[in-house]
Structure formats: C-alpha cells, structure tokens
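Structures are listed in the sections that come next.
Each of the next two complexes has subunit A plus one other chain: subunit B in the first, subunit C in the second.
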Partner chain A sequence: MEGLKNNPIVKAIGTQRLVAFIALIVIYLAFGLLNNKFFSYATIVNIFDASYYIGFMAIGITFVIATGGIDLSIGTVLSCSALMAGYLNVSKGLPIVPTILLCVAIGALFGLMNGWMVSKMKLPPFIATLGSMMLSKGLGAIVTMSQSVTWKSSTSEEGWYRNIFRINSQSGVIVPTGFILLIASAIVMAIVLNKTRPGRYILALGSNLEATRLSGVDVDKWQTLAYVFSGLFAGIAGVSYASIYQVILPGAGSGFEMDAIAGVVIGGTSMSGGNGTIAGTMIGVFIISVLKTGLPFIGLNTAWQQVATGLVLIIAVFIDVCNRRRKG
Partner chain B sequence: MEGEKVGNVILKMKGIDKSFPGVHALKGVDLEIKKGEVHALMGENGAGKSTLMKVLTGIYSKDKGSILYEGREVAFTNPKEAQEAGISIVHQELNMMNHLSVAQNIFIGREMMNGKIINDGKMEEESRKLFQKLNIDIDPGEIMGNLTVGRQQMCEIAKAISRECKIIVFDEPTAALTETEIEGLFKIIRDLRKKQMGIVYISHRMDEIKKITDRVTIMRDGEYVATLITENSTKDDIIKGMVGRVIYEDPKEKSNVPTDAPVVLKVENLRAGKMVKDVSFELHKGEILGFSGLMGAGRTETARALFGADKKDGGNIYINGKKVEIKTTKDAVKAGIGYLSEDRKRYGLVVEKTVAQNSTMANLEAFSKGFFIDKGKEAKTALEYVKKLKTKTPGVDQLVVNLSGGNQQKVVIAKWLIRNCDILIFDEPTRGIDVGAKSEIYHLMSELAAQGKSIIMISSEMTEILRMSDRIIVMCEGRKTGEITIEEATQENIMYAATKRD
Partner chain C sequence: MKRKVLRAILCISMAGMLLAGCGNNQSAPAATEPAEDANTEAEELGTDAQEGASTESTSNEGMMVYLVSKGFQHQYWQAVWQGAQEKAKELGVEVQMQGPDTESDIAQQVQMLNTAIQLQPDAIGLAALDVSALNDGIAQAQSAGIPIIGFDSGVPEAPEGAVYANAATDNYAAGALAAEETYKIIKDRILSTQGSVRIGVMNQDATAESIINRGLGFIDKMAELVIADGKTVSIVGNEKYVNDSQVTDKGEGGNVILDIAVPSKVEAALSSTDAQTLLNKEDILCIYGSNQFSGEGLVNGDANIGKLGKDVVGVAFDSGTVIKDAVKAGKLAGAVTQSPLDIGRKTVELAVKAAKGESVADVDTGCQWFTAENMEDPSIAPNLYD
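Now for the complex of A and B:
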C-alpha cells in the first residue's frame, strides 16, 4: 500500500479518486457480467442521459463544498427555473433562446441570493440554503399554479433545443451531445478552480477563512461567487433535465441535490472545505448514474439505487477517513 | 550589539490607549523602533504586547495616541493597508491555508499571473529562490498541511519577508521551532537587521532576548514600564520590570496545610503530547497547589491529561496511595476529581438550563428514580448549595445564562461538590470575573480547602498565585521547572522558573 501510494501516477490522481475510478469500472463491468444486455450503446446513452442534470449540479456545488459550505437548494432551484422558464415558453410564447437563458439566469439569481446570505448576512450555509430550497420549491409551484410544465417536443418548431443534449438522427443513431457539453464544462470549471484567482481564493477561504482575509483577499466576494456558480449550474442542469425528460413536475427536483452532493463526496472532495476536484466529482456522478441505469438490469428497482448509492458513499468516505488517520 | 549600525527612528508609537468592554488593555504605551535594530517587547501574559502589535498592524483601532511611521502620522484600518505600507507581522497563531501548497500560501492575494491563468510554476520558482536566500530546505510544491508546525512557521516567516517591508513583527516565533530552526531564524533576523529593517521581537525566552535583540521595551498590565539597552541589562533587570507591580492583595505568608497532611494525589512522570513532559507532583489534603507559568507552558494540558480529557502517553496516578487508571473523564470523576474549565460557558455549564439542572448534572444517578428525575430532591439539594456557596440567584429555576460570571462559577463548584469530588482542579478560576466576585471565589476556595478538599489552581495571574497557593508548581514548555513553597515564593523566583528552558 505504501509503495502504491508513492507511485507518481497515483500521487497525481489522488488515492481516493483512483479508488473511485476503479470502483466505477468494477460496477460497470459487474452489471455487464450479471446481464450481458447491459453492454450496449443504448445503455451507455441511458447512463449519460441520467448523468447530465446530476453532473451539472455537482460541478457547481463542488465550489460551494470547497468553501466548507453546502447548498441544499440546487435540486429545487433546478425545477423552479425549468418550471418558470418552460411556463413562459409554452404558455406565454417566450422564444426558446431567451427561455434557456432565463432558466440559467434564475438559477444564478438564487445562487447570488444564497451567496449574499452566507457572506454578508453571515447565515449558516445549511440554514440559508434550506430557506431558499423551500422558497424555490414554493415559487415554482406558484408560477405554474401547481401544474406540471411540458417543454416542447422534438417535433415541434422550437424542438431543436433538445439536440443540445441528445441528437436522435433520422437513421436512428443517437449522438449524446450532452456528454460532450458536460465534459467540456467540467474541464473549464476544473481550470477555473485550480488555475485562476477565483478558484484559488475559494479553496483558500475554505481552508482558512481568517488567514485568507488577513492576506488581504476580499473573501465575501469569492464566497458569494461559489454560490453563484452553484446556482448557475443548477439552472444549466434545469435546461438539461427539461431537454432529456421534457416534463417538469412542481417539486420534481427535491432530493436531486443529495445525488449531486453524494457525487462530489464520492469523488474525494471533503465536506470541511479547502479542497475540491472536478474530475473526482465527475467520477462520483457517473458511479451514481451507472447504478441508476444498471440496477433495473439485474431486476432491482430504483429503491435499490438509493441503497447502493448510500453504501458507496459511506464506503468511499470511510476509505478517505482511514487514509487520513494513517497519515495524521 | 552592533550598535553602530542602528539608524534613524522608523516607528514611534506614543501614548497608545485601547479599551475593550470591561478591560483597559493599553494605557498610554510608548514604543520606538529604529532602522536596523531588533527590539524586544516583553511582559507577562496579558501585559498587552499582542494588542499593541494588533493596533500597529490595523487589526484593532486605537482609542488614543499617535503612530508616527517614517515621519508620517498613520492609522491603518486593516492589515492590508499596513502590509502595503511595509509593516508585516508573523502571528503567534499560524495563519495558513493547510490545503494549498507552500508557494500558493506565500503568494496568496498577489498571485503571479499568465493572463487569466495562475502561474504556479513561477510562484514555486520564486519561493525556491526565497528559501535558498533564507537557507530553508522546504519544497515549495509541498502541501502546507503536510509540514511540521516548525516548518509551517518558517513558511509564514518567509511569507512576511517576501513582501517589501520595512518593519517586521515576530510574535513568539520560536515557540514551535527546534534548536536548528531557531538558529536559522536568528541568521535570517541578523540579515534583515543588516538591511536596515526594523524588527519587533516578542518572546518570553530570556536567552533569546539576550542573544538577538538590541533594545528591550517592557510592558506590564497594559502600561509602558521602560526601554532598556539589552547589552547593559541583566535578566534580573528585565524580570523586575515585568513583575514589579505593587501588590494590593496581601500574599499568603505561610501554608495552611499541616506538615503531616496525607498525600491525596500523586502524579508520576505524566506525559501527554508535546505539552506535558514528565510532570510529577503531589497534592496534600486541604492544600491549594498553584500552577504558574506563561502562556503555553502546558498547565491546562497537564490538568486535562490528569483528568482523562486528553490521551496520556505515559505516567502513573495514585489517589490516596492507590494506583488508578484514568482513561476517560468518567474514570476521573469516579476517582473523585472535578475539573473546572477556564472556559466555563463552553465546557463547564449548560447555560440555557437552570441552576438546579446544572448543579446535579454530574451526579444525575443520585437524583433519579428509575427513568425519571426526582425534581423535588434536585431542587432541594441545589437550594442547599446555593445557600452554602452564597450564590446570588433569584431561585434554583433561574437559567444560568442570566447569572454573573462569579455566580456561574459557583454553580460549577456546586456541581462538583454535589458529585462528592475531593480533588478540584480550578483552571483560571477568576477569569472574566469582576473584582468583588473574585474575592468571594477566593474565600470559597480557602473554605473548601479548610474543609479538607484538595485544590489544584491553574492561574496566569501572579497575584492570584501568591495570594491563594500553599505551594507553587511552575511550568515552562511542558516541563516542571520549579516547586516553591509559599514562604519562599516571590514574583521574581516564579518568573525565573517560568522562563527557564533546558
């Protein structure tokens, strides 16, 4: 184990991320071995489809968790923005491009509100975002009068937007464009987190807020930005969810935030702040979507997906805790 | 020492006054720093050294007085302004981002950029150069949290030096350093002196002061005492300045403990972590044993290890001659030891509960009938102790949060008395308690001792130690460095022991 840990490749990737990645491969292969119908292109597309909304949310919330905070509102913000924007598009004739931009903007606005409550009003992140979780859930339902909203179908005039995340060509070949978009976003945000000032300050203040302030850094601004990222990506997740699943029920997003948080934590980002890895987050997200897609193949329903995700989460974090204890 | 190189005055603080609610922390303090000098700032715990430096660097604002820096009157409102003007401080407590690399820590807030992208390579390169210049062997790419505390401290020092600065303040920089690291630091300080920087050096270590500083400014109880030239002063002069207050409280003249009083607690070679090194002592029945020492001497750590609150690395504990194993606080309480924390509100009381509930907290079994708490018995006993200790409260149903500090302390004492503890450890028993209530607590402690309870009293106040103790143990850096009977004890010989390093 010691030898393995000092291996330069292992060191660069990080032990937990490596373990998570191996777990992802093992889980994928295990489903295939139990039911060889699992090894198909259609299944891969299904895995991707399930990964988009969790993936976008998880990218955003990685920034918040890196500050040592939490954002409980992203699930309901996802459905709130998709409900509001979709309602304006379907019932009020708002064109599709502004609709999509509005969906993202509503998310970002909730993020700004959360950031402001945490950095300026000094509310604990758990409480602030619990409040906006309830707020967004309620507002979404009020706007649509507790009705579901069905975004336009592929065949309708404005249906092209669905191609952003999935192209169903006439020959029957499916192109999972959303995957490309998700990975591209992940790469960009990984660079932002690790290679730019905003990312550096977010990690720094998550590690030691007071020391960062004493170093002359405007910590309030960067803390707020982390929540804006989180809300913004919840908005993008709203667009992806609408484009894949079309129907948004009021309150549909409740609980989605937990999948995203689980993905982040499985990927090796610690809840106490100071570190964060987008690559790890992506691995965590795909573990969850492989479980979601794969369990029906071996005859287990979605309830078992919850059980499995819970177990993976506990095991992943336990491995990390053991590692740390050995070190410290 | 190298006096001819000492240049013009770069900083003059005059008549600095600062009050916090209830505390007059600085009373017209003066400090003058010249270019190219190392200036020691000395004083007991709470003398106001760190407060003065926080006023200088803009962390606190001053109430009165003037700061002349390079001939201009300045009043920094935040640390960034002070830094930009060329005043850097190496804080006593580490201010590090443990998850970031060494180089990232050094350049936080002023990253080297390549367009929008941070140039970590260049920052590591610059850090490497800086370390070479300072003769420090640390990999700038290493994660800060993986370094030892001493090396983190060296990074903090490098960070301060890497800024363009004219004055650099070291607040107890050597507390976490090894001998070789200290030598390295002194070399760095001598280099800085050659470059005509003004250096403020806060330390309790007398030998370091003699070795590295040119002048010493002494503070006591928030007041300026004197500025001495180090070369021309002795350790005695400095200690006298630090402790030379007039004691209004009469010190105890002789021990109240009979010479044949039995030993109730014997601690042998107690070791725990880095702060408790081979501590041995005995406590007699009816004795008040004072624990004196400077901040970070390891007194609280000794008490916590003894009480089972922290893990012990070794040592034996005997109670009434019988060896006991104390692994948890429960074991300690069972053995009859009660610990009254210095932070009553956090560790001593549940302030949102009533006087009665707090009083019986440690001995709830005695007040229970099956699953239920016998409220009547609880209230009766609590009232009995309210009367006994003269706790000022409208009733036992009063929430503890509504009582004054002194009365809260009495509730904690009642709690341990109700638990039948014969050995009581008081950690800073009068911290945050006003003068009137203080003497009441003192009276109570003396009375408890007279009734045969044995008391360990940890105190940072010299007057308190001299007034209350029958015998005094002095600690320095985790070791017992002195054991003095009250008859022999003076402020001077306590301070000697408290600054005695190996």
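Now for the complex of A and C:
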C-alpha cells in the first residue's frame, strides 16, 4: 500500500481520484456484464446525454467550492435561463444565436449577483445562493407564466442548435458533439484553475481568505469571479439541457445542483475549500450519469439511483478522510 | 469600489428591464377575466328564461369561479384555461386559475385550495393531484357551502356531496381507446411471434387518478384483446399498476408481457431513461406513454436508439410540439387527445350552474385517436396544442 502511494502516477492523480476512476470503470463494467446491451454505442451516447447538464454545472461549481463556498442556485438558474431565453425564441421570435448567448448571459448574471452578495455584502454563501435559488425559480415561472417552454425541434429552421450537443443525421449516424464540448470546457477550466493567476488566487483564498487578503490580493474580485463561472456554466448547462430534452418545465431545475455537488465531491474536491480538481469532477459526474442510465438496465427503479449515488458519495469521501488522517 | 457597485446595480436593473420586456401583454395565469360582453350576457340570460330551465333570474354579475388546476407547465392546461376564459366571458363571470409549479407539488396544491376557500368564490373547480391530501380542504369548502366542480381527472373518492359534478375525460375509457387502436397495429405481430413480446407502458406517476386510469384502461383493454385471441398476458413493473390491474399473472410468464415504468420524479431525464430501458429489451414490440410528459420521454429516449416507427410501435397521449412532430414523422403511430378546450368551457358552465343552485350532472368531455393522416381534420386540429 505504501509502495502504491509513492508511485508517481498515483501521486500525480491523487488517491481519491484514482479510487473514483477505478469505481467508474468497475460500475460501468458491472452494468455491462449484467446486461450486455449496456456496452452498445446508443447507451454510451445516452450516458453522455445524461452527463452534459450535470457536467457543465459541476465544472462551474468546482470553482465556488474551491473558495470554500457553495452555490445552491445553479439548478434553478439552469431552468430559469433556459425558460427565459427559450420563451423569447419561441414566442417572441428572438433568433437562435442571441437566444443561446442570452441563456448563458442570464446564468452569468445570476453568478455575478451571487458573487457580489458573498464578497461585498458579506452574506454567507449558503444564504445568498439559497435566496437566488428561490429568486430564479420564481422568475423563470413568472416570465413564462408557469408554462413549460418547448425549444425548437430539430426539423425546424433554427433546429440546428441541437447539433451542438448531439448530431442525429438522417442516415442514423449519431455524433455526441456535446461530449467533445464538455471535455474541451473541462480542460480549459482545469488550466484556468490550476495554471493561471485567477485560479491560483481562488484556491489561495479558499484555503485562507484573510492571509490572502493581507498579502495584497483583491480577494473580493476573485471570489466574485468564482461565482460568475458557476452561473455562466449553469447557463451553458441550460442550453445543453434544452438541446437534449427540448422541453423545460418551470419546476425542473431544483435538485440538479445536488447532483453537480455530489459529482464535485466524489471527484475529490474538499467542501472546506483550498483545493479543487476539474478532472476529478468529471469522473464524479460520469459516475452519476452511469448510475442514472445503468440502474434501470438491471431492473432497478430510478429511485435506486439516488440510493446508489448516496452510497458512492459517502464511501468516496470516507476513503479520502481515512487517507488524510493517516497522513496527518 | 463605487464604480463597481454602480456597475452591479446597472447589471441588475438591466436584468429587470429584460424581465419587464418579457412580461407580455397576455394575461398571467392568475389573471382575472372581467365581464366584458354585456350583449352575450343578456342573450345568455334570455335563453335561460326562454328555456325556463332555471328558476333563478338573477344575473351572473359579480360571480367568481376559482379553478385549482394541476399546474400550468403542460400546454394542455393552457388550452383548459383558454376554454375557461371563453366560457366565463360568454356567461359574464369572473374566473381565476391557479396551479402548482409541478405535478409533484401536492403540498402546494393543498395550500392553493385553502387559499381558494379563503377567497370565498361562488364555486371552485378542482383537478386533484392527490385525492387524500385534499380531503380536509374539500370538507372545509363543503361546510362553507362552496360547490366544487371536478375537472380533468376530477376529484374521485371525495366525501359524499362535496363534488357537485365533473367535467372530465373518462380516462379509463381513453386508455382503453389507445389500447384498441394500438392492438389493430400490433395484432399480427403478436399472433405470429413464437416467444414472448413486451408492451411497455410509461406513466408519469402512480398518484394522480387520471394517469393511473389511463394506464389501467390501456393495460386492462390490451389484456382483454390479447386473451380473446388466445394468447396469455402477464404484467411486471410498478407495483401500484401491477396490483390494480385485472391481469392476474404477475411476472414474465405471458406470451405478451406488459411492462410498467414510473419515474421516481417528474423529470425529463428520468423519463427518457425509462424509455431507453424499455427500448433496449430484446422482446419489445410497443410502448405507450400515458400523458404528454411520458410521450415526450418516449420520443426523447428513442433519439439515440432509433427504434420507434421501425421495430417498435410508439403510442402517446395528449399533444404538444414534440408529440405532434413525432406523429407527423411516423415515429409515433398515433396518440389520444382529450378536449382541453371543452374541459375548460364545461367546468365554468357547471360551476356557474352549481353556484346558482341548479342541478348539475357529470359531463364526459370525450377523447379522440389521431394519426398523421387525420391530424388536420377540423374535429381534431383545435384540440392539438403546441
């Protein structure tokens, strides 16, 4: 065990992420062995489909969790921005390109508001984002008059936006373009978090806010930026959700944030801040979407997905806690 | 610092303006429809007097009907609301409609009914999400002397005398209609297959009476038709449906296996996973989605698999853009549509009559089977909403 821990590869990845990655592979293979249809290409695309909205939210919220904060609003911000933008597109004739940009912008705006409340107004992140969670849920319903919004179909003139996340060609070829986009975003944001000044400041203020402030860093700015990332990616998640599922129900988003947070935590980011890994987050997200897609394959109700995710979450964090204790 | 605050305020106010721009000039869900057309009102009264059906000659003025729906999120409810507004205008009464955020929010609907009673309307229209949760409120309305008219799925098992009448689709019969039409399409394949075939039934939940009855109506009718042709039927899946159906063989033993799926939450991703699971089963022949939500889940779930309209017969309920497109494209063989406009109209009509003390009786607002061929028929098209 000691030898394994000193292995340079394990050191570079981190024990928990390694455990999470192995768990992902094991879970995937287990479903496949129980039902060989699970290995089909269509199922892999289904797993991807279920991972986009959680994945984008999780990338953004990794930054907030790295500051030691939390963003409870991302789920409802997702549905709020997709409802508002979609409504303007479908009922008011706003072209699709500005619609998509608006969807992302509304998310970023909520993020800016959260960041401002946390850094300037000094509200506890839990309370600030709880407020904007309720706010965004209500606003989404008000704008659309509590109706669902059905984004344009693939066959309509503006339906090409659905190809951003999945190309279903006439000949039956399916390309999961969203997966490429998700991984590309993950790589870019991993570089931002670990290799750039803003990322390093976010990690630094997450581990010790006062010390970072005293060393002359404008912590308010970087803290706000973390929430803007979170909101921005919730907006992108909104576009991905609309393009995969097409219909947005006003109450749809609540609860999504918990899937994203679970993904981040399973991936090895500590809730107390100061560290964060996008690669780990992606592994966590895929564990959740594999469970989501896989459990019904072996005849278990979707309610079991929550039971299973809960167990994975607890076990993953417990392993991490044990490791730290041994090290400490 | 100051500039940043200003910038933030600017951002927020811009968001506000954006929102103000969105708030369009259509009426909001809870909006009221004042009596406008005095002529119609007079005419209506005139007819009443001619027919002598009513002993009351008081006008409808100032009368208020309060509708508590299951929600607004499906366009179906918008059509109900439209019908209700039309009728209210015609009769010269005021109508209000409220509904919970999602069809899972039973607690919210309980509160809405309580609010409705506090407002003391002349009559309440109610589409119950969960009957037992609403029993207290219903009893309260009864003691306050406010008549309740059930609509959509109505208020089955309500205390005696509380619900005066229902304007509803006979959901059990509607489910049976879907089964009959589906059976015509799949009969030959059922009879020619040596092994077992599977028919998936996707339901939004196992709590709302309308959904349960549409599921059970389909299940029972399908079983009856299959047995009449000399094949056996068994049922697996969600316990509520398995236990309440008339199919006695529980398990995978039948020539035809009815496989019942219910998601843990009203959530598009979960419903499409249900559909994918059914579509991936070796012996799947046909899948029925018993409302707009399940029908959309079925269509979405098939996006990567592409079996609908080819190896698997898809059948849905209600309309909406996704379902209409799928029927047009041949992915769904057909769907059953209710008459939401009629449900809205009849609810208000019954409510006004009940409030005036006239006797009222249940109205079946009917349903129709539509396919790519008859979608444009004048008798069907008005009931297909986007």
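Here is the rule we use: the second predicted complex is superposed on the first by the 328 of 328 C-alpha atoms of A that agree within 3 Å, B and C clash if a C-alpha of one lies under 4 Å from a C-alpha of the other, contacts with A are read in each partner's own complex, and residues count from 1 in each chain.
The rule is short, and it goes like this: a residue touches a chain if its C-beta (ideal position, glycine included) is under 8 Å from a C-beta of that chain, and two chains touch if they have at least 3 such contacts.
Since this is a predicted model, take the numbers as computed values, not measurements.
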Partners on subunit A (subunit B, subunit C) - clash or fit: fit
Touched partner set for A:Gly206, first subunit B, second subunit C, both or neither: first
Greater residue coverage of subunit A in the superposed arrangement, subunit B or subunit C: C
Geometry of the superposed three-chain model: angle at subunit A (Cα centres of subunit B and subunit C, steps of 10 degrees): 130
Which superposed partner A:Glu157 touches (first subunit B, second subunit C, both, neither): neither
Subunit B versus subunit C as contact partner of A:Leu139, first or second or both or neither: second
Overlay on chain A, subunit C to subunit B nearest C-alpha distance, Å: 16
Residues of subunit A that lie at the interface with subunit B and also at the interface with subunit C: none
Residues of subunit A that touch subunit B when the two form their complex: 191, 195-197, 200, 203-204, 206-208, 210-212, 214-217, 274-275
Interfacial residue positions of subunit C with respect to subunit A in the complex: 4-5, 8, 11-12, 15, 18-19, 22-24, 26, 28-29, 71-75, 77-78, 99, 101-102, 104-105, 262-270, 272-274, 276-277, 280, 296, 300, 303-306, 320-322, 325, 329, 386
Residues of subunit A defined as touching subunit C within the complex: 35, 37, 40, 42-43, 45-46, 49-50, 53, 84, 87-88, 91-92, 106, 109, 112-113, 116, 120, 137, 139, 141-143, 145-148, 150, 153, 155, 166, 168, 172, 174, 244-247, 249-252, 255, 292-293, 296-297, 301-303, 305-306
Subunit A partner contacts - residues on subunit B that touch it in the complex: 78-80, 83, 91, 95-100, 104, 108-109, 111, 113, 116-118, 120
